[in-house]
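Two complexes are shown next, each including chain A; its partner changes from chain B in the first to chain C in the second.
Entry: the complex of A and B
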């Protein structure tokens, strides 16, 4: 599923409803990338994903939850996605 | 005809009688098991370590009854449980909200482990489509209340503990009163509205919450509000809102009925909920921990992807969100959630999570009923040309059953293709004041250009009428509009419409034998 990213890239994992847009479980993107640019990048690749998935999803970097509201505040140090990082798009699953 | 009807009636009535008697027998069996298991005549009173229950005339002085040592011995010999843990389980009370795919396995293991009191909340009845995953229910319990069916099975499993049936859907008006009677809450529900309601109620009452969910082949598990410190205390565990402050858009919601669910996937998540609950109840205080190290819970989100590698991933969560509406130090003036705002019904969870209305965007002349379409098909009169019927359900559903000669183009493909199509931009050859017609012409060209290698659209005469059908008649309307926006209507020369009510209407009106999926 998630092979090691090639040099200069990071891995993005898609879970639950995110895969409805990506049609795959993971892919690689060029690094470094500011976290703030991630959603724009994905929206340009998968139109509609921002409103339907990213707006309500959790995001993790290397299995750590990143708080987009706080981390992307005006005075916060911008979070950079680095080479080799594993980033995940985790929409809430509600069914049971 | 009349005799066939009579035969059918007597078969139906016999089946109903068999079902009723099976249910009665099953109830009698579980009552008998309960009566055998306990000398006390009361079924609803739990045995207490200090009561005389389990006391034999020769003076039984051990903290648990003799049969409890036997019943729980295999878990009590684990150092993580021990006698202390078993006594904690016995004096604990657990509420399971939702007696479905998560709640059934969770309840089975918690009843088996010997929690003192187990409450179940659910307002639904058992359906045949539940049985592949909701393991406490059975074929003979179809139409029975899920809560009653579950408790009946649980009594067979362990008749020595107390069960409480809450035969209702949880609402903001009842959640506080129900939760107040329990120590730990399990969210085994299936909708964002109940997930936020359960989390908010648990935070307000200071109860830890074990939350799980599952859809298709994936599941999520979190232990929330643990430790359940007062709101505003940053050392308390995060709540559901801290992790997912914004609900997913209602339009994007997929239920197990629509998206599908693999039984063992949701079962795994329910079993893990029971495990986390046992760990939580039997957890030792930091000072008395065997290793001497404090057993401070670290909040995490466990992701299970049955077909992923690795199948499990554990996400480290953050502590409480500083501006959380439920568990932060926000004042009521800043809109925080209070017991009053919850129980007064002023919090509208349905509105917060959004509602989907049935789609109704097509004009009357763009829709035909299933009956009308079937009649037109039989007479070959679906339009001037041989028309095409497009089924816009996902391929897997189409593959299970579809109408003869229909063509499958999943709605998701239509959406993706329409987005891929370049939006008509003003070009020297197109006037900037391009009318809708000009736009459509442009789009038609785009489609036709793409059509050469576009495998997604069938190769049919460009004026062949298009009828669109889906499961319930919502996506079909959206698909009709998408097709029109792509210019497929040929500026009005080609009919594009949908079949009202979709395949459900087809089953009701035209083909009673249509298999229900």
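Entry: the complex of A and C
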């Protein structure tokens, strides 16, 4: 579905409205990256993507949904995106 | 991907359960056969077909894309839950991907149960769960300057416009 990321990188997959905005199906970014920095990184590369797309999206890491709620408490271990991870931006779905 | 041997993208199956994403034309008879059982007194089959308009705006064609491994897991979870909660003999959930011409089936759901009440209820619930959760997206192509719109099921909103056909990149359609 996408090429393997080079060493020190993870893969990010886009779908539907996210693909329409980034004009990509996937790309690689440097790892590790704190999950809380992901949307900032994308906004810097694709200005406007947060407001137009990401605000309504969920995120999976290696097929599991992750909590994007930033208020995890001071003691909580921040979720890190690791080398080789497959991260996906999941827009609101529309099957059927 | 046009090769007929690659028409079926992904299938997960276990006892009484079949979930699938495919680029092929959907076959209602074949889906019913997957849930047939001598213990079943009822089979309910739902076929979702592509409509030629959205809020009376003419739609030229529809295109579905998916995150296949994630969508299959979601479909499997829905199927297991329906089978357990409604005491089904069998359940099959199949969604078509790629371009689906107007009037053709985009989703087929078949459930079998000892009695009809459970089958009716499970069929409806399975569809609503799929529409709410399966990682599959519909692009409505209006044609002309209008371009296409990625629909979102959850709010019936207009969705997000695609600038132009040339700019569409789609790894999984």
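We take it that the second predicted complex is superposed on the first by the 86 of 96 C-alpha atoms of A that agree within 3 Å, B and C clash if a C-alpha of one lies under 4 Å from a C-alpha of the other, contacts with A are read in each partner's own complex, and residues count from 1 in each chain.
By our rule, contacts are C-beta pairs under 8 Å (C-beta built on N, C-alpha and C of every residue); 3 or more make two chains touch, one makes a residue touch a chain.
Bear in mind that the values here come from a model prediction, so they are computed numbers and not experimental data.
Upon superposition of the two complexes on chain A, a steric clash is found between chain B and chain C.
Using the contact criterion defined above for the overlaid structures, shared-chain residue A:24 touches chain C, although it does not reach chain B. Of the two partner chains placed around the shared chain by superposition, chain B and chain C are both touched by A:15. When the two complexes are overlaid on their common chain A, residue A:67 makes contact with chain B while staying clear of chain C. With both structures placed on the common chain, the touch criterion links A:48 to chain B but leaves chain C unconnected. In the superposition on chain A, A:96 contacts both chain B and chain C.
Shared-chain residue A:3: touches no atom of chain B or chain C. Across the two superposed structures, the residue set of chain A contacted by chain B and also by chain C is 1-2, 15-17, 20, 25, 52-53, 56, 60, 63, 88, 90-96. In the complex of the two chains, the chain A residues touching chain B come out as 1-2, 15-17, 20, 25, 47-48, 51-53, 55-56, 58, 60, 63-65, 67, 69-70, 88, 90-96. Those residues of chain C that touch chain A in the shared complex are 48, 64-71, 73, 95, 106-107, 127, 130-139, 150-155, 159-163, 167-172. The touching residues of chain B, counted against chain A in their complex, run 98, 100-103, 188-192, 195, 212-216, 218-220, 243-249, 251-256, 259, 261, 266, 269, 301, 303, 305, 308-309, 313-318, 321-323, 412, 415, 419. The residues of chain A lying in touch with chain C in their complex are 1-2, 13, 15-17, 19-21, 23-26, 52-53, 56, 60, 63, 88, 90-96.
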